[in-house]
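Common to both upcoming complexes is chain A, partnered first by chain B, then by chain C.
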Partner chain A sequence: MNSLDPRINRLSEKGQITSEEKKKSLDQLETYEVFLQKREGQPFRHEGIVHAPDEELAWIFAKEQFSRRQTCTGLWIAKTENIMVSELTENEESVYDLYEEKYCGEGNKYAIFHMLKRGKQHVYAGTVLANDESSAISCAKAQFSDEQVFNIWVVKEENLLISSEEDKDMWLTVPEKTFREAYAYKASDKIKEYKKRNA
Partner chain B sequence: MYGGGTIFESHDEKNIVNEDPVKLAQFEERINRGEKIEPSDWMPALYKKQLIRMIEQHAHSEIIGALPEGTWITRAPGFRRKLALIAKVQDEVGHAQLLYSAAETLGKTREEMIDDLLSGKSKYSNIFNYPAFTWADSCFISWLVDAGAIVNQLANSRGSYGPYCRALERICAEESFHLKYGHHCVIYMATGTQKQHDMMQEAVNRWWKPLMHFFGPPDKISVHTEVLMKWKVKMASNDDMRNQFLDMYVPKILELGLTIPDPELRKDETTGRWVYGDPDWDEFYRVINGDGPCNKERLEVRKIAEERGRWVRESLKRAESKYVVPLA
Partner chain C sequence: MNTPAIKELLYKIGDDQLILGHRNSEWTGLGPILEEDIAFCSMAQDKIGQSLAIFSILHELGEPDPDTNAFLRDAKLFKNCQYVEMPIGEFDFSIVRHFLFDNAEAIRFKHLTDSSFIPLANLSKKIKGELKYHTMHANTWIKRLGNGSKESIDRVQKALNDSWTMALGMFEVSPYEAELIQEKIFVGEKVIMQEWYESISATIEGTELSLPDLYSSKPMLGGRQGLHTESLIKLLDEMSEVIRLDPEAEW
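Our next item is the complex of A and B:
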């Protein structure tokens, strides 16, 4: 290869790649769903996914992918397969209409996420104690069904990797990196000066 | 932000005939009401197919588009430019991740998308098959290619597919500095020494045609996009986006004492539309089909990266893991 980029010329020194092999399933690893809290006191909100081989790397990828540019105060991740997804409702119907209301106070902790509007991301509503995912929705109905909810995600809390107080250090330097802010690139005086020079 | 307006490859509108008319009507009503479509909603096969194609091509464009700019990281003039360019290129690669994820929610795995990129089956924005000879080329890309992409992506972020819109909103938020940084770079070149000014002018001369190609062929020869507009997959026609770009950026280019290498370019004040000379659409099709100055190099770089990373991915794989389609 004869590239303008010397690094690319060095890359291809070892000869051409001829492999036409198709990728095997999971070559790109499993997916994890990522939730962020932008500011103290705000609910955690779903941001997207990362592909990763385990929780630890998923955490690092998620931090880099979703909290690199804007500061935040908390990061949660859960493996996609560990999230139970409810029906998706529409118009006036709330998902909670499809479940019996149940008051519960024992069992495992389940985190409940609501989709409050179609097109919007799921937000954390709170945690309930229940025996399984489906009954967790019934318990959540008793606690958080004031609003209309179009879709619910349920995650057993032990399957959520939750950031700790000390982790918040990760985001301390984000606001200092002003070279990633539009306001750092003002140059209208240059244009004015140029126009004056060439008038 | 690198996605152009064109969805390469044609499509077959007759597919819609086979869809359940009741479900199709409900689907279209939802879109008319301005509601988003979510991954678990019913959707016509053609909608899904076109969205996958569009989002996937956009993702590939982010990855491949990082290459010509990445070329200049090691030689960027000064520490601040280097910092900014590294951050920008990292953003673009992150955008590819967001877009691959959005396409995955429609049922195509990331493995399949990467396979299709490497085999040449799936396309990416044509403009990245051109080389960045000088620092000025890198400045041109950062400012004007990004500007072109922003016109397109702002339109698409009002589209109908929830996960794609959300990815685009995040992308647009991160982009705000790219455009300003790119403009800043071009201003410094164009208002600097005569030599710098000339370098910038040469870059504009090199990139103008590919930039006109970037928005896709004119509406009169472009593939029929009516149904895609109705379903809010495509939000504006190629000509509309090109026109909007010219409206916004031609004055900004000219005020820097740069000229645009198209003697026919002018705004028709009665129609409000820009008239431009033929940017050689034959070249556009030739380059899409593989015969551009850098097509081979771009894919080769990706293949080498694939090959060299294989042992890492293999060693990280765990037997008990299984693939689940991401949620949103």
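Our next item is the complex of A and C:
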């Protein structure tokens, strides 16, 4: 068959082996999860993820990534792989329904984060003492399960990089930095004026 | 109040911040990774914000308004050290400059919290947290790169060596130095330089890097007296492009 369309002509051609090679690993950094406290007394909330080569730089990046424009009083970092994620439940079912309640008071410290609405960010509920992540959820059930929870994240506290009390001054001037906000430049007013002048 | 001495002090601080802030902002969109791009440019913005605060104090002392002062002043009247006007080079040079400059800046402002010139003391207290983050950012990077691959260690070491005489120019003394010290306005460059060397040594000690000796080389001086390189002229031309086109423009 001879067609004017070269793609048709190529249909009968057989593929040839040129070489086989391994898929190359991607040039990516590790990811770290970022939790923010916006105001004193409010719970820490999952805010997003940063790429970084290590935990310390992750904290440094997260600070500007997520708190350069809004009030903030604290920042926690956890390496993504150090977060244990529970089942995700739907409708009326709470993820705590899947676990037995356990009262415990010894072991390691585990921070518990709740997803209170599907699609919403995880919010810090509190810390429990337990021997592993799974039993941490059982212990948390005894302490923090009055609300319906769709998903739980558990992080061993030694794997959380927590901003120190005296570093809170790093955010003191943020509310004054209106030059970071588009509204401060009144761009839409200026465009309106310009249009009016040139109408 | 020793106004000439205070003005001279404010100009050198404000000009350093304005010029380095502008230089570092040139990394916008070009940072090595997105997260660093945002952090580095955000700190550049902080620097320009801090220079605005300094120029506002100068304005209250009778100098031109901050915009005119920043954008329409002749290069000969700029008191920044020459180090900050140098082009950004590659990231190794820029991150080393950020490390050397911001550590000095944080120490300078730490001492200024005790200044007898109250507006400057108040500003220094206010921006303490901002400066803390800036040095933390710089030190964390140097620690990381200084313990990284052979390439990262070699490149940071080279940038340190190349920067050294320029960096020492940050501590060029003022003609009013003795009065500033005596009237407890400013502790003086000698003290700042000594503490700076101790501070950066503490970070460098935790790495494979080494610092040149403090007195091994002659500092690059002149910036504080208005002597500048071609780089500053080009930078000021670029910075004032809009205001020269339309002096009434608001932005």
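Here is the rule we go by: the second predicted complex is superposed on the first by the 157 of 199 C-alpha atoms of A that agree within 3 Å, B and C clash if a C-alpha of one lies under 4 Å from a C-alpha of the other, contacts with A are read in each partner's own complex, and residues count from 1 in each chain.
Throughout what follows, a residue touches a chain if its C-beta (ideal position, glycine included) is under 8 Å from a C-beta of that chain, and two chains touch if they have at least 3 such contacts.
Because the structure is a prediction, the values reported are computed rather than measured.
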{"item": "Residue contacts on chain A - larger count, chain B or chain C", "value": "B"}
{"item": "Which of chain B and chain C A:W171 touches, first, second, both or neither", "value": "second"}
{"item": "Which superposed partner A:L29 touches (first chain B, second chain C, both, neither)", "value": "both"}
{"item": "Chain B versus chain C as contact partner of A:R180, first or second or both or neither", "value": "both"}
{"item": "Touched partner set for A:H51, first chain B, second chain C, both or neither", "value": "both"}
{"item": "Which superposed partner A:E157 touches (first chain B, second chain C, both, neither)", "value": "neither"}
{"item": "Contacts of A:Q65 with chain B and chain C, given as first, second, both or neither", "value": "both"}
{"item": "Where chain A meets both chain C and chain B, residue numbers", "value": "29, 50-51, 53-54, 57, 64-65, 68, 177, 179-180, 185, 190"}
{"item": "Sites on chain A touched by chain C in the complex", "value": "29, 50-54, 56-57, 60-65, 68, 167-173, 177, 179-180, 185, 190"}
{"item": "Chain A residues touching chain B - in the complex, by the definition given at the top", "value": "1, 3-5, 7-8, 11-12, 16-17, 19-20, 22-31, 33, 46-51, 53-54, 57, 64-65, 68-70, 80-81, 83, 85, 88, 90, 118-119, 121-122, 151, 153, 177, 179-187, 190-191, 193-195, 198"}
{"item": "Residues of chain B that touch chain A when the two form their complex", "value": "30, 35-36, 38, 40-41, 70-71, 74, 80, 83-84, 87, 90-91, 94, 97-98, 101, 104, 109-112, 114-115, 119, 131-133, 162, 165-167, 170, 173-174, 176-177, 179-181, 183-184, 187-188, 190-191, 255-257, 296-297, 300-301, 303-304, 306-307, 313, 316-318, 321-328"}
{"item": "Parts of chain C lying in touch with chain A, wherever the complex brings them together", "value": "33-36, 38-39, 42-43, 45-46, 49, 126-130, 132-133, 136-137, 140-141, 143-144, 250-251"}
